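Mind looking over this structure? Questions follow.
Which chain is which? They are A, B and C, in the order written, and residues in each are numbered from 1.
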Amino acid sequence: MKQKSKFRWGMIFVYLFIAIFAIVTVFPFIYMILGGLMSYQETTTIPPTIIPKNWNWSNYQKVFQQAPFARYFLNTFITASVTTVVTLFTSVLGAFAMTSLKFKGKGFVQLVFLSLLMVPGEAIIFTNYNTIAQLGLLNTYLGLVLPFLTSIFYMYYLQSYFTAISPTIYKASKIDGASDWEYVWKILVPMSKGGLVTVALLSFISGWNSFLWPLLVTNEDSMRLLNNGLSSFANDAGAQTQLQLAAATLTVLPVLIIYFIFRKQIINGVVRNDLKA
Amino acid sequence: MKENQKKAWLFLAPSLVLITLFSIWPIIRAFLMSFQGGPLIDMHFNGLQNYKYIFVDPEFWRALKNTAIYAFVAVPVALVISIALAWFIFSKIKHTAFFETMFFMPYVTSTIAIGIVFRYIFNGEYGLLNFLLKAVHLPQPDWLDNPSLSLVSLIIFGIWSSLAFNIVILMGALRNIDPNYYVLANMYGASDKEKFWRITLPQLVPTIAFLLTVNIIGAFKIYTQVYALFNGQAGIGNSAMTAVFYIYNKFQIVGTPGVAMAATVVLFLFILFVTYLQRKLMKKVNS
Amino acid sequence: MSNDNFIEVKQLEKTYENGYQAIKSVSFSVKKGDLVCLLGPSGCGKTTTLNMIAGLLNPTGGDIIVNGKSMLDVEPKDRNIGYVFQNYALYPHMTVLQNVMFPMTVGKNKKSKAEAQKIAEHFMELTHIEDLADQKPGKLSGGQQQRVAIARALVQEPQILLMDEPLSNLDARLRLKIREEIRSLVKEVGITTLFVTHDQEEALSIGDKIILFHEGVIQQDDSGQELYLNPNNQFVANFIGNPVIDNFKVRVEDNNIIGAGFSFSVSELTPSRLPESLEDGEYTLAIRPENLSLDEDGLLNCVVDDVELIGRERVVKFTHDNLQERALIDLEQDVNSGDKISLNMNLNRAFLFKDNGERVY
């Protein structure tokens, strides 16, 4: 009898634990959406409002009026897309070479890549800023994307995908008469769709959420990315919490939509990383 | 097929050029710059002066201390919570995909945006958190404007943000454990506790080691979370000053990039050192 | 013309960077239109040789001449060969038709889609896979995948077909069926074929001739029958034949051959096969199980360990001088486990090997 009640308490604890943290995790998002629809008074009253009386869609109008969020969107979309597409291109080619081609110095290159993986981005972000500044590329799309057109990390990730393919496939294609370029685009890429989609998703999302780099490299409002635009807006909006929350929702919603559609791909991609690590 | 194919370099070329320019060169440059003084456009060699400067700069030590406290508190706490959550969901919940999806949301969303909500919730006057605390007769501190609480708020925020990645990775690892281990354990009448401590946890050690490394490195580089939580500042009166914040300050605002680079080098070495220590520790635990 | 050597391999060597000699020195030739088996145990160098002929590996010495031209600096895609891999290496994201068409859609001699499809369908008919055109390889059985691989290999009408253990992933029954299909197919198409295998029975069955490899060196290059009846050395004698040949340790002394529990005079051996002089010393007398017969007063007296009834005959296992030996006898002869029997040897079919494996009789 004792065992039984112990069991029940244990289960209750477990469910409670999960429930609490689930709520804690998801609540800020719900609150963000709801808060963005509140009026100013509602955001500052005590007790705090959870569900606004009226849905003030005008908040969003005000947000777009006070700051060029449409422009921020455009900038972020362009830079995230460009870095994603180009990174995919360069990483696929690099990972292919490291996987299927034999050449002198391969071990050395592998070692260099491995060491570079350990270098935190923040250690090189400032000197990169310097380089971009010297090239006169501040406040330009090119400056925003240039250091991020390849990724050792994704090259590594793709390598683990590519090496899972039997090397006889590559040999067969050579005997069939395909050039390396034809092999990459006609065989390797179609066979690795899963990995490529994951890289694309993760790369796009991280490009969408980037903050420190654009903070360094842009100061003109017209070139700001969403995150930076959002933070400067939050600064300017001062106590207008409801507008800040509306703007935050604007920033977060597109990614959440992509996330919910592709969640399996994204989560599987992140997990696969770890298995190879 | 030739065993030394020069065309391989052609395939690597675009990546290699970019990596050399934007990964290798900046490291060298940062290192060189750490021995230089003066403004960005006119730097000159000044030996170890920058290093001497940061070593006697109380702000540097505060930044380092804050960063260390944050890293060594937030990371283990988050990891423990994540392990508990992952294990509970994995072993007791049917629709794991649903929960996994929910718990992973923070990973894909903008830190700045979430910071705005947290700022609102943590607001000393009208924030939801203090309201709830009042309702249960607990003290309602000024989370964001009390300098002695800045780190605490940051740690809470940091833990919240890092659960996502940890949980998903741990769930992947849990799925990889041979289910037959549990089948056997059940036959021997093992309790849930025993199953967790004797089977699950030992199998998770490599994953935990990986997460510790990644999280600690990430914690040492923390910047955006601070910016997000304190609206651009490093907490009231710089009470939440962290290493990268310090570097950013010295680089962009004060205009002494050499000092900033010296701090960067120190930070980088520190990260390497911690990683090395932690790897050693894990090897010991493993054996 | 048909007696010309289509493929000539001359003193081929392959030494890897770590010093490992995979191929020590290999020379052989293949007549146009022949199906030649490269046979040997794992690690003997047969696949290495095949891959050098394909151009997938570069030799460190020697030459490979096909149709009069040296292939040493020629890339695989320019060697005009077809290759069937052990794991078939079919492109999983393409249908069977696309797989077979693939060689004609890449490289220098691209054909139009319509033409490529026609040619692909022709070869798919030859290999009996026309019905599988729209399926993906993942849905096919091993035997079907193999036929796709063969069709793809033949589609550019290569001058040589190379096959690396194509049957080893199939079950026994399928193996028997498909190896006959392969032989009749390559003979119909008339293509010179090199077929790597470790299965001696397979080689004996389909090869016009067999090149037996061991430790990077050719042991014998001959028809299957010759390998069986006339092995060059002890390795060949032991490798070819199922059940394996029986070995007896013997001593030659004063023109007598003395084994454990038996002896006979050298004059009992066939004179035309004897060497000029047979030195005294240690030898191995080898004789195939089917050349032992029940005899009331035979050379060998032994106790039967076990009897296997394998359909058409009886395999009698016995221990002699600590070695397990076998004799193949008729089904009708009633021999059972534990029986004491006496066996005679057909010395005309026996072989005598020196300690170093060299055959003297």
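Throughout what follows, contacts are C-beta pairs under 8 Å (C-beta built on N, C-alpha and C of every residue); 3 or more make two chains touch, one makes a residue touch a chain.
The structure displayed is predicted, hence computed values, not measured ones.
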Identity of the chain that, by mean CA position, is farthest from chain A: C
Higher-contact pair (C-beta pairs counted), A-C versus A-B: A-B
Chain nearest the global centroid, as defined over all protein CA atoms shown: A
Euclidean distance of C-alpha centroids - chain B vs chain C, Å: 61
Interchain centroid distance [CA atoms averaged], chain A/chain C, Å: 57
Whole-Å gap separating chain A and chain B, where each centre is the average of the chain's CA atoms: 16
Shared interface positions of chain C, touching two or more other chains: 56, 75-76
Shared-contact residues (touching 2 or more other chains) in chain B: 1-3
Multi-chain contact sites of chain A, meaning residues that touch two or more partners: 174
Of all residues in chain B, those that touch chain A in their complex: 1-9, 11-12, 14-16, 18-19, 21-27, 29-30, 33, 40, 81, 84-85, 88-89, 92-93, 97, 99-114, 116-118, 120-121, 125-128, 131, 160, 163-165, 168-169, 171-173, 176, 192, 207, 210, 217, 220-221, 223-224, 227-228, 231-232, 244, 247-248, 251-252, 257, 260-261, 264, 267-268, 271-272, 275
Sites on chain C touched by chain A in the complex: 54, 56, 75-77, 81-83, 85-87, 89, 91-93, 102-103, 106-109, 152, 156
Chain A residues within the chain B interface of the complex: 10-11, 14-15, 17-18, 21-22, 24-26, 28-29, 31-32, 35, 43-48, 89-91, 93-94, 96-98, 101-104, 106, 109, 112-113, 116, 118-128, 130-131, 133, 146-147, 149-150, 152, 155, 174, 180, 205, 208-209, 211-212, 216, 226-227, 230-231, 234-235, 241, 244-245, 247-249, 251-252, 255-256, 259-260, 263-264, 266-267, 270-272, 274-275, 277
For the chain A and chain C complex, residues of the former touching the latter: 166, 168-169, 171-179, 182, 186-187, 190-191
